[in-house]
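Going in written order, the chains are labelled A, B, C and D, and every chain counts its residues from 1.
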Amino acid sequence: MSTTPRKHAGPAAAPYAAVRDLVLANRILATEGILDAFGHVSARHPVNPARYLISRSLAPALVQGEDILVLDLDSNPDGETTAALYLERYIHGEIYRRRPDVQAIVHSHSPTTIPFGVTRVKLRPICHMSGFLGSATPIFDIRDSIKHSDMLVRTPALGVALAESLGEHSLALMRGHGNVVVAADIKAAVYRAIYCEVNARLQLQALQLDPKPRYLSDSEAAQSDTTNMKVAGRPWRYWAERAGCADLLDS
Amino acid sequence: MSTTPRKHAGPAAAPYAAVRDLVLANRILATEGILDAFGHVSARHPVNPARYLISRSLAPALVQGEDILVLDLDSNPDGETTAALYLERYIHGEIYRRRPDVQAIVHSHSPTTIPFGVTRVKLRPICHMSGFLGSATPIFDIRDSIKHSDMLVRTPALGVALAESLGEHSLALMRGHGNVVVAADIKAAVYRAIYCEVNARLQLQALQLDPKPRYLSDSEAAQSDTTNMKVAGRPWRYWAERAGCADLLDS
Amino acid sequence: MSTTPRKHAGPAAAPYAAVRDLVLANRILATEGILDAFGHVSARHPVNPARYLISRSLAPALVQGEDILVLDLDSNPDGETTAALYLERYIHGEIYRRRPDVQAIVHSHSPTTIPFGVTRVKLRPICHMSGFLGSATPIFDIRDSIKHSDMLVRTPALGVALAESLGEHSLALMRGHGNVVVAADIKAAVYRAIYCEVNARLQLQALQLDPKPRYLSDSEAAQSDTTNMKVAGRPWRYWAERAGCADLLDS
Amino acid sequence: MSTTPRKHAGPAAAPYAAVRDLVLANRILATEGILDAFGHVSARHPVNPARYLISRSLAPALVQGEDILVLDLDSNPDGETTAALYLERYIHGEIYRRRPDVQAIVHSHSPTTIPFGVTRVKLRPICHMSGFLGSATPIFDIRDSIKHSDMLVRTPALGVALAESLGEHSLALMRGHGNVVVAADIKAAVYRAIYCEVNARLQLQALQLDPKPRYLSDSEAAQSDTTNMKVAGRPWRYWAERAGCADLLDS
């Protein structure tokens, strides 16, 4: 797999390790069923916090290093490019602008999170792998911004509305669409995107058994998230192997 | 994989690109679990709108170029053939006859759509990938045509009844059987067949959480479908790779 | 894969085609998730109806031709053998004794059939692939024969009880255990074992949507089964390919 | 795959067969979806009952012989090591200390067991493969020991609390976390971990059909478990083949 960044982005624009990890994140999220042909993952530029890395418009499973672009926080390419861009890239730019703590973002149609975005049941942490959910996951409804839309966050204004809905949370559900998850580094963002889906499946099952399952308490959620964020590198290697990309791991 | 059309169909009968894309559609739909050993996908002939391309009777996963036949709108082979034909080919012929806008058709037993064909719950768009469902999916019940049948659309008259049930919709469910989905090109038909199944799974889950999930509004459904039909080529490449058929993609 | 029958069974005991198809049935049922490490499939001897072919005690996914034994209807080996036998082989012998129409039998723990064996909901045909279910699937409860058992049909008397519970049906559920399915040839038995599981999954989903789904009528069930039994050879090739055993198909 | 034990553990510390079977158990449990990047399996030392074998901190799918460590019952390494240890190793040490009959332990986040740990529905044997569940599976709730925790059994005291909750059972669910399963040998522990998950899935489905499914009686559960423990070696070979590790089987 090529991990060379696109030349038009400039050699300083995309350090090798950041490009490689972003390629790996794309492959992992596709292999684990979080992203299908749609959705995207980005990382803030490690040197210039006013830039972020994201693939050109492409199914995540197919992303290679040469597909990685550098965009500014208005989500315009940093330098000339003829590459097609993701229509919804404003999700990323507007969150990076408002959340200096965020270094990586996943936008997905992660399947089991969609039911929780269209119903009155709150997505809540049912196990210690998903303490990051906390107790008050926001739901972004694009209809609050545009009454008749094609559901896509396709303008800067909609990106702002989504970022404001996310606020200081780690996750926002998007009604009839999917979700966006953020973290302090790309391994943690991938971890959260995967365990968000796992949690949704488990919560759905628990609710079939009992309308009032015992969720993690707020302190249990917070403390387990702190622990998990320290070990998010351990599943990374496992997922890389499953994605057939062990060659892209740090040595 | 051979993509040579069957000789008896005549060289003008099946342009290479149409045969290749139909082979690919068969492989993709099998890989994605929409078709098992049964079901079929067809494409209107790109030059002669009074003809359509479809495999001889064969499990879709096994279809090669030499299996593709050309049938007329009465669903008789165009030229001599000793090949066995799908018993239910009238589904295709009668829809192509009545719907000049339709260029490709999938008939499948797509698993999660079957429950929606035998219950009083309407299949409705729960996310923006499936706006094509609209708000009034028809259900074709063969018992309205023949009180005691083997459930198969095995005559021209039954093909007509199904086509009339479909009307101007993109999808008709078939009670106790499966569904038929149509589109303006083969990539879009494959897209719709796959996301129809996805939508059914998500709607089933949402209904376990809440009897009244928030579906897409009619305008959201229509607008998102317009957008999606423009990008249906992007998942095509992804699905071709998953089906192990990247060699059949346009260069 | 070796398809040579075990020597001790005698050269006339197991014609090549019967051994090969039984090996294939084992591999297909394992690949399709009907059999895991447990369960078994048998075929009546094609020459001597008082004998049947079945593997020695072995996980079905691992069965080769040399593992196939010939048993009599008392389920004793036809000739000397040191091979371990399935504890529950009496299921097969006692059904073959009572049902001259039956040429092949699958006993499985097919997952979604187990819930239907322990609840008051009848397994019924929800789609035309599973008309063989009819409207009155019997449930064999071993507790009616032995109050305190290890649940296994491990004696001739229990085999008789199960065969009597099956009666003239194509399928009997076994409470807390699995099911047994019979057919007029091995391809049909494999077909029925697979679509029995499919039907159970679809019926379970339909019942989540509506307590009264529209099942096939008795005549629809009977007529569709007649049609399907004629085409059961078509999925056979497809399943053989999926099982990586295309080399074992008839040429 | 290397099955050489780590040198620092000393040559007598880890007999080849025990290391090999523990590597295999790790691979099997990962392949069957019982363990993902987290969870662990251990075996009591075959020569010294005051020691146990467990991997260094690593995703189970990646474990090789050289990763296997020997710990004492305080869960300290037997000899010097720079390897990172599982934070929750006290689960193993404290159970081995209290249960001389236990020779192998699996701690997993086996997905469908988690809902049963957070609801009022008892996990009970729905089929004869899981008689070991008995009728009174305990649930360990860490909140009874520590009101505000990160949910991990990260101290000897928590290991004791869990071991006491387990008592003489074969399984304890862990609220919001997963479960721990024990057995008299490693093949039986793997068997139980897998069929515990299978049982949870089947019971969840049965409860969707009927609030009162017929479970195994206590005597059926006990007798079927006795039978199954005798045949737990048969699925072992099957699972090893599926895990791509047939080379690690006994010859």
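Following the convention adopted for this analysis, contacts are C-beta pairs under 8 Å (C-beta built on N, C-alpha and C of every residue); 3 or more make two chains touch, one makes a residue touch a chain.
Computed from a prediction, not measured in an experiment: that's the story for all the values here.
Listed here as common contacts of chain A and chain D: no chain. At the interface between chain C and chain D, under half of the residue numbers involved are used by both copies, so each side presents largely different positions.
Taking each chain's centre as the mean of its C-alpha atoms, the one that lies farthest from the centre of chain A is C.
Chain A and chain B have CA centres that are 33 Å apart. Measuring from the averaged C-alpha position of chain A to that of chain C gives a distance of 46 Å. Residues of chain C in contact with two or more other chains: 208.
Contact between chains, as defined at the top, is found for A-B, A-D, B-C, C-D.
The touching residues of chain C, when paired with chain B in their complex, are 125-129, 131, 198, 201-202, 205-206, 208-210, 213-217, 219-220, 223-224, 226-227, 234-235, 237-239, 241-242.
Interface of chain B with chain C (complex): residues 36-38, 57-59, 61-62, 109, 111-112, 114-116, 118-121, 143, 147-152, 175-178, 204, 207-208.
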